[in-house]
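The chains carry the letters A, B, C and D, assigned in the order they are written, with residues numbered from 1 in each.
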Amino acid sequence: MIIVLKAGVTEKEIQAVITEIEKQDYKTHVMHGVERTVIGAIGDERTHRNLESLITWEQVEQVMRVQKRYKLVSREAQPKSSVVPVREVPIGGKKIQIMAGPCSVESESQLMETAHAVKEAGATILRGGAFKPRTSPYEFQGLGEEGLKLLAKARDETGLPIVTELLSQDHAEMIAEYADILQIGTRNAHNFQLLIAAAKTGKPVLIKRGLSMKIEEWLLAGEYILSNRNPNLMFCERGIRTFETYTRNTIDLAAVAAVKSESHCPVVVDPSQGVGRSDLVIAVSKAAIAIGADALLIEVHPNPAEAWSDGAQQVDLNGFKKLMDEIRPFIAAAGRE
Amino acid sequence: MIIVLKAGVTEKEIQAVITEIEKQDYKTHVMHGVERTVIGAIGDERTHRNLESLITWEQVEQVMRVQKRYKLVSREAQPKSSVVPVREVPIGGKKIQIMAGPCSVESESQLMETAHAVKEAGATILRGGAFKPRTSPYEFQGLGEEGLKLLAKARDETGLPIVTELLSQDHAEMIAEYADILQIGTRNAHNFQLLIAAAKTGKPVLIKRGLSMKIEEWLLAGEYILSNRNPNLMFCERGIRTFETYTRNTIDLAAVAAVKSESHCPVVVDPSQGVGRSDLVIAVSKAAIAIGADALLIEVHPNPAEAWSDGAQQVDLNGFKKLMDEIRPFIAAAGRE
Amino acid sequence: MIIVLKAGVTEKEIQAVITEIEKQDYKTHVMHGVERTVIGAIGDERTHRNLESLITWEQVEQVMRVQKRYKLVSREAQPKSSVVPVREVPIGGKKIQIMAGPCSVESESQLMETAHAVKEAGATILRGGAFKPRTSPYEFQGLGEEGLKLLAKARDETGLPIVTELLSQDHAEMIAEYADILQIGTRNAHNFQLLIAAAKTGKPVLIKRGLSMKIEEWLLAGEYILSNRNPNLMFCERGIRTFETYTRNTIDLAAVAAVKSESHCPVVVDPSQGVGRSDLVIAVSKAAIAIGADALLIEVHPNPAEAWSDGAQQVDLNGFKKLMDEIRPFIAAAGRE
Amino acid sequence: MIIVLKAGVTEKEIQAVITEIEKQDYKTHVMHGVERTVIGAIGDERTHRNLESLITWEQVEQVMRVQKRYKLVSREAQPKSSVVPVREVPIGGKKIQIMAGPCSVESESQLMETAHAVKEAGATILRGGAFKPRTSPYEFQGLGEEGLKLLAKARDETGLPIVTELLSQDHAEMIAEYADILQIGTRNAHNFQLLIAAAKTGKPVLIKRGLSMKIEEWLLAGEYILSNRNPNLMFCERGIRTFETYTRNTIDLAAVAAVKSESHCPVVVDPSQGVGRSDLVIAVSKAAIAIGADALLIEVHPNPAEAWSDGAQQVDLNGFKKLMDEIRPFIAAAGRE
């Protein structure tokens, strides 16, 4: 770490900082600048005590990290891009995968109609929420296990693997029994106990970016999966919270390129949540592919106006077919399939 | 709800919207403006289907709520301010309570030294983390149940009730056995399963504001406690995430006045997390009291530079005494004790 | 406008609001809901007094607009997309235009080398800053009129029209003499006097989005150009300020699709400012084209490490050639030239 | 500056960086860590070329500043707090000054009524806008010079010095003729040409914080005043833009303490803009005083519901009297007058 001292500190004050740093088993290296003295603390920042607390000392102005905080998710640890196998559907390879389906599973007919339609239009994975995290306790909370059973049935009928959200540690085993990918939602991206529970099921895990999660924190959330011995991790950009209100969230597409550059894990983009309005979903899907997404996650509903949750961002069956048609040239332009 | 149609829609398109609204059991009321037609959907928005999905229709421009989404936490439901009893310490009454203690419980000596010192300086509740949510899996995760036992011992010695964080549903019972207040941390403020588990213990619950939680969402998180039959709820402002980097978070003190005005529940302020740097904690504490906080939550450590977590924001024992001295005139100015 | 009253107001309080609204020459329309009364104020919101101040009345809970605040920039005013003529280079037509050049004009050799290189690689417009808005008064402020002369010379040599920033009303005439497009920078996007001065030169104007400008405000800034009788307006997305620090700004590509949908004016994307790091510029350029940008604005420098301003975000001459090669398939996929 | 190289760079790559740094007249100092090499560039960062562009080099991972970018506004340059003289009203001394008056000057009667009322209630400076920056070109733009004349007349009648906004370089002289303090509004906080023009009038300047201005940038904006030989500078916190919509802006009161700690210049707080709703203005005023503000800026209107601009945030004459009464104990608690 680098410790910058204030201008005008005494030799004794410098020495006190050095003594404290060495007490934490770092070696020190002092640099005298024109105005300020800088101390390098040499040692592995991930195994030594964090020195950031030194900032509470009167004579210290800044404490800066030198190393990256994440390890296993980084390209330094594994330069080659990972491919996550989901039944016969590999995510992160040459083929761009399309995950599609309703925000919530509402009924057998709603799910089956959607599942068949998205498959026919070219989707390769089925999404659907059985347990829903809702801002208000008075809103529809999902069908629960009944929803999982319907998803499994839809998989049987269409052959599409399924992705569904895990929102309680208590459900980890149950959901792992039905699902092919466990999704960690944006509101739980910082729920480390849930991340660990998901990792331990051994199933592929998709971590949505938290509402106000920095890229570094998101990578560290992923580190919770890999360090719990589950190698099958995907990141999913779904928009962050900003001052803009035209869209429900601000989708940070540059983050896709950033994570692809920092990490070997596949990156999925969720345009539906990202903008929260169905009229922009196709445009964002094209851009997501152009910037390097490995997969898309699209909310599709036979009748969005009557959806039990988040209708505003779901496209209808025709809209999804149109989307699949319109993204095709961009998949080709990206050299993908 | 209010549905605004686009300029230039046909009578038939208007009729289609009306039919859909009435299908959801709302009554309708049509208003023709100079440029746009507006439809009022009359019915309780909390028990009827949300009409926001109508925005997916071509002819619809805006859908706006009329009612507030929260009920039990609101002053409409209970005009008089609630007082939460924590052993003999009432929160929300005339006396401003000071919760103080280390970020993490690190050892018996560290905790006991702090507990005695904060009590002597005037603190009325002891805080301390036994289970810690950490951004990186490689950071100190807390002493666990061992930490809870030390907290209970400190309570026995000092008489101070204790507040500690609950971060896993699996720990709800265990923590409720030791703690007098269950704290829901900022990273779990949207973890509804955890909120329900906390509510069900019957212990007082303190909900920190999520990193990027709107005031309305925060009140709705509180609604999860009250609607699960636990009346003892406190909100705690601890800073939100913005573009500013001088402070770790941006403490939103106006939110204290806002929540006091919307809700009958007590509001606590955490200046330590709020700014993330100990040099500003006293100043923020004064402002928190001036704006109407019912209690403060202050991180105190005998030696912040060697703290195992968040040292930069902890004040030392002398700093805490100074804080208590300096806030006294503001407590008096606020007409509190 | 729609005025929502609080629950439990008296008939007299309702009447007082109605009287006030009618005093402002709106017609009123009352709707009684299950819990709240809603009053519609019927009249053109752009020519009548704004009623938002009614919120200061005890009995009023919300005041909501019904109409859009912008007029001339909207597709309601002009459904067909505008094409802005810049010498022989039309912006907003089928061909995607590439504006490229250094952040600052530093010297004749630096500019000429860059101008010839970008032209050869396929750029159609030359960018370069002569007057630079700098956060610190101690940083390089641009070559001033000397820089403009060099830009004119580069145009003579290469035939490329030039775009350069206007940052002072006092320079409007001078810059209009040299430049083909006047750029309003992000820090001046809310500087209405400058917008008016730019409009009045009659030259095409490019308005960058302000650091924290909502899409609605950005469109209204454009309204200042069109309502000052200058029809040649372009919007330029260049990233907004958020909590993320990995990139210098967060580029909001969905805003491109949003503005294209709300407005008939062309939209330009500036990936260089948008991310502030040259390693992500190509990826963002591809996405910008995929999502519907009419032009790109790329910072190019022969030796970014020695640039006098914003070196981190400038690509070098080879990097620009690579960019032009890599975006080509996406231009084709978008059905553009 | 500190340059951190990537893990695994070769000796030759390190040498190339050193050569480049020395070319810019810095001395270098190399530190080999466990994983990364760090180079210190020793030299005054404010007079040498900025090395941040080195980040474009393949082998460079981070470039970090060591020195602060501001000089004249800092407490390092002047440890003692400045007092800005405004006629007989010193700002920054023991006495807390209250600036009050309407958002816009609308008419002689409106202004005179307000001026007399605020004076009687204890205000010491009169505020009022004559030139208004408005988001929409269709909104009231202020009375212009006519408004300035009315302000001067109100000063003659009440003896209160006046503060009014400067929003165009062209008006600097005219406004300086009438006003005692020139206010730079939030939308122009990054308009450096305007800052210079304001500084050159020699009148005291009050810089509002930009909508999304970091504290460091705000201090640097102040540096534009002091480095243009005008010593009479005040900063004014008026809320920043965040995701929260309950309040119009998020007032960052900790920034008051931060600026007081970094700079010797007085700090003013504008609660009216800060929250944008009159019901919270008194509460925020108390907190502002508690946290160390030297003055408040309060919008007052005889009839806010009919104000020509920003009625929602203006208090009426009685509200202002109540405010003055309620803040008194906090002024005493702060040891001020």
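Some points to look at:
Here, contacts are C-beta pairs under 8 Å (C-beta built on N, C-alpha and C of every residue); 3 or more make two chains touch, one makes a residue touch a chain.
This structure is a prediction, so every number in the text was calculated from the model and none was measured.
In terms of the stated touch criterion, the partners common to subunit B and subunit C are A, D, listed by label. A centroid comparison over C-alpha atoms places D as the chain most distant from subunit A.
A straight line joining the Cα centres of subunit A and subunit C is 30 Å long.
Centres computed as Cα averages put subunit A at a distance of 38 Å from subunit D. Centre-to-centre spacing of subunit A and subunit B amounts to 25 Å, using the average Cα coordinate of each chain. Residues of subunit A in contact with two or more other chains: 212, 241-243, 245.
Every residue of subunit C that touches subunit A in the complex is listed here, in rising order: 212, 214-216, 240, 242-247, 250-258, 261, 274-275, 279-280, 283-284, 286-292, 329-330, 332-334. Listing the residues of subunit D that touch subunit C in their complex gives 20, 46-47, 49-50, 52-57, 69-71, 133-139, 167-170, 187-188, 190-194, 210-212, 217, 220, 223-224, 227-228, 241, 277-278, 304-308, 310-312, 314, 316.
Only residues 2, 4, 7, 29, 31-36, 38, 40, 42-44, 62, 64, 66-67, 76, 212, 241-243, 245 of subunit C touch subunit B when the two sit together in their complex.
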